[in-house]
């Protein structure tokens, strides 16, 4: 196995992006459980996200969701973030929560609705211009619930048209990350159901269109690390929306349902060059802390990604490659498992200490009194959630 | 194939129960799209349900959901239903929408929450006493999201305790129907995840505890008709919550995703004696019309069940049995498929005509002007939905 | 709905290709059950396939599998087929049954094994030259069973190299159809696990590389008709391997597990222009008749595809399009379902009568005495199966 | 976390049963790859199994499969095992490989076939009498491939009848373990598809009928540890057939696909009292080493179970219980994960050293030269496999 000292530097520059919406309330169609101290404004979300970075040291950016994080002055919001010690990351578009989008947004049979949706996407690029964001994340809930409801192929034509228009609007240092999802909220067809569809659209558009892999958006049994390896080989992996699932798009904390899968994904990222900052892969969380407290939930998630990354970096590439070349099935598997079975927590605690961080971020945050303080301060107003 | 005339009588006495909540707004965690004319009160829901019965002739009862349909005077509500030409059916309990239920209801680690949940269930039996309902439907969203979150076995103990208390409260002509569900809203464990768990609990309690099969609550690949056949053999099939799914608990219109599966289920019902009214199997819909209009959505669903039932009744039992006994794989399959491939719509139109109904319920309802009338009348107030 | 007379001509020219191996013995890893009268030679397989065409009129070609159908003189085999009234169709390569392929064929870490596998693929093109076949079907069982066993990306490089070499060898009127499969026999990674991977490779190679959709090769919940529509839009749908599944790659008779899905697939084929012979889409069966008799199993399958096609052609495209454009969810769904619910069997019987065929192919074949004759004649020798 | 010293004793008495058939050749329907040195006789399989025990110290018994391990003198075979340092464990019945079983064994529509199958099961109890085995493992491949093929309910009646007859034959210290499986080799219905069906049959029969959980036999998404916890609560968990899967019944090495799941299962075993030898839970492997060498594959698997068990025993039960009682979602999850994230390999090496074993069983076996010796010695004869 690779020496820990050799991977320490790589770990030190890791950067995981937090989603502003993870700090707001979330839930299922059955119930959204509110929590005390939940932010009411984009600024309060950013302040909470900054706490995660403060204790982990590797969560320097916050993704925004428009219109949930809409403000009058984005430059000012970016300044506020900087004061908190973080930066604004990707801009996430939202074309699924207006009544007009009942039958779709950019693939809606009604051209007026398509135009409205496209205008929103273009406005998101305006926000990027103001915040200096590099990435526009595009997720479309578009699809149908019943066979025959709409024309599958015509919807692809409409999708392609919208993507072209957005692509044309991107600045030189901007790109979009196209997200796919098997199902939900559409229950028969989804217009971007799998990586292949997203890849095909991105390929036609060019280098500024990249695929984003949400780890909860696949059919049961899908081998996600294969997709990661394949997209890296094609230079089409733009980033990740990390989270965990046992069933569908459960949006649990990343690494909580299948930590071995997370390790395998991070191994393919490392092996394929995706961990090199120059590769431009964005490592983002996209989660719902429906029942657990949000800031600790995010800290736990960041630590889970960090631990998986440390294990992936520890893999002895030479031992692995030589076992693979020799057709030594058990030996090659063992080379990988040796790294996975290592307890990297002591090493990471040591790394944090060297960086002037508390070795135990969860405990340090708990001791800080932040939770109690915001619960007391954030009284009145409307707690942030998916609806606002 | 059996002659249609021979099955006509069976079809004439079919009874499908409608869920009051299908007439209110519903959606996903991403968005609930409101629709014009949606009911604002339990009475308006019942009035809408009565329309479905008026045009199909086989939807004589309406299930209530407490507290969504809570009223001061249930006897009066029952009278109102009678005036509309329908009756109150099963009472559906709801122990998932109070903030207290964040970590469960009857399986919550906190005894006070368990007590509160149990009290609600007992109060539902009071409603049954007032409405004359036979069935209490018990669905628990209880479960956990993370490994270790709570003790799986202790939660079973708590569940058993609550079920015993409810069972003890049931009157002589009352029973409860215990529902199971693979996942959602809980994403790691669900305390009643499968038919086996529901069956085991019901078996210990006695004849007044029966299992209800929601057709959308299974793992991918589950053979639902096998479960139906098995529960009928054990005298433990209390009823159905019908709906369709392509992926998870999509709650689409029954028969819209896999009409052949619905036929196979109805065939096992018929073959196992479950279609005989004396068997006490409740045929209920439980659906969400997220994007389609609700009353027509319910009519369509009732017709889908009726068509599947007609086909199931048409199966030539003798031809089937003799091919099965002979080990004639293709012959036995053909005997079943012959009925499935039959177009039963003309026969059912004829049946309706004989009963004084319009042969085409969808068209007749559309022509009636009801949709336009309620859209105009039901202005102001708050539309019914899952939250109220 | 479209008039039947209008679709009759389309139905008359339908062509479904039969797999020679469907007439041999097959089974699971647990047991292969032999059947009396099973062919022992490629010629006997072709003779059996010709029976299917004789009674259905729409199964004019037989796919060969090399080396299972290896003969010394392929031109002579093609002549034999012509005498039986059928033609040789696609050539199916087999690089999974030699001991050398334990760790893969064209993606094996050992270059010597890769070379051997490639040589076989090139030899299959030689067979095509001799038989006049247009299509080479490429299925690779290549993959790994354990994480770390081999390098995912390196295997893609090796795959690409092999595909390029085969592509370069194709004649002007030849093409290859690249098959993908989620899993089996590899249980961790498969080198061509989904349509996206096959598509990406084909796209780089050119027009003579097309994707083939085996209806049993997807993850649970995958919307196959979406893939069909997408590939047709991209001019990359080369053909189908039809069969049915409830669970994995069950290889049951097409249309037996989910006839509605088959209809939806055929509808997208028709809608996307794929039913036009000029589109070059190959409609092939790929099935295992493990427990049912093989020739009747193939006849039943051909009829199932024919019935689904008839229904797809009956869809009233104008009614559907106008309901879709109007956002009429139930109306659009009804337009599709109206065709599906139609019993097309009488119409197809009529079509057969007009073509001089028996209206009931299953009964006619049963009456013919062929089964009894070959059971008596084919004594001695070794029955064909997957191993030979 | 619990101190390692406290769990050492528990680990020392662990006992994992090996399947004789894991040492023979296996594969998929596509190909069985033979390996040099594979046993040709039951004795050679036992000798190989004894190697696994020799290096791990916790694999003292070997399960037999009848007729694959049929011998004239079972008492003598038991003696041979004792000489090798192991004992004969469970007897596995096989009613799926005779031609008669094409349409089922104990559920076959033909009473003569049912009788034959039952006779085999009873003969297996004779073998138990001779070997002193406690457990009869019953797995039935029975089911159907096509809707309508046979009567689901009648097959349950036949199954119940056979189970009763076997149960009646059991001696005082004997029991049977009833296995369930979602699918394969049957592809439409399986007569024992899930734990609920097996449980219901066992419950009626009595204490000597117990359910066995094969970890590869569930629908996607099934929470296996829930089933384990439930069956333990009901005193109906007879044992495990351990293996791993990514997709279906892949039969990979246990712990190789989802080591976290294996840990969760072992945690529920420990928590529910199933690790106490008095509970009578049999911990058996049931795997196929299709491409990797068999003895090392078994050693690796035994070690994987041992590591998961060590982690499960290390869980701090008090910390976990108090976090659960407090509704501390993240704290409770962390208590579990703390144990899982521990690297137990050094502790287990220490334990082995104390027991006089080599700390590294894989390396020690590799060094032993056994593999080379048997490859040289076992020449001629027919290698064992599923067919013999």
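Residue numbering begins at 1 within each chain, and the chains themselves are lettered A, B, C and D in the order written.
Definition applied: a contact is a pair of C-beta atoms (placed from the backbone, for glycine too) under 8 Å apart; a residue touches a chain by one contact, two chains touch by 3 or more.
Quick caveat: nothing in here was measured; it's all calculated off a predicted structure.
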Contact-graph distance - origin subunit A, target subunit C: 1
B-D or A-B, whichever has more C-beta pairs in contact: B-D
Interchain centroid distance [CA atoms averaged], subunit B/subunit D, Å: 39
Inter-centroid spacing, subunit B versus subunit A (mean Cα positions, whole Å): 38
Multi-chain contact residues (two or more partners), subunit D: 103, 145-147, 182-183, 188, 220-221, 223, 246-247, 256, 260, 291-292, 329-330, 333-334
Complex contact set, residues of subunit C against subunit A: 103, 109-110, 145-153, 156-157, 182-183, 188-190, 193-197, 199-200, 203, 218-223, 225-226, 229-230, 232-234, 260, 264, 268, 271-272, 320-321, 323-327, 329-330, 332-337
List of subunit C residues in touch with subunit D within their complex: 26-31, 33-34, 96-97, 99, 101-103, 141, 145-147, 182-185, 187-188, 220, 245-248, 250, 252-253, 256-257, 290-292, 386
Complex contact set, residues of subunit A against subunit D: 220-221, 223, 246-247, 256, 258-261, 291-293, 296-297, 300, 307, 329-330, 333-334, 340-343, 345, 362
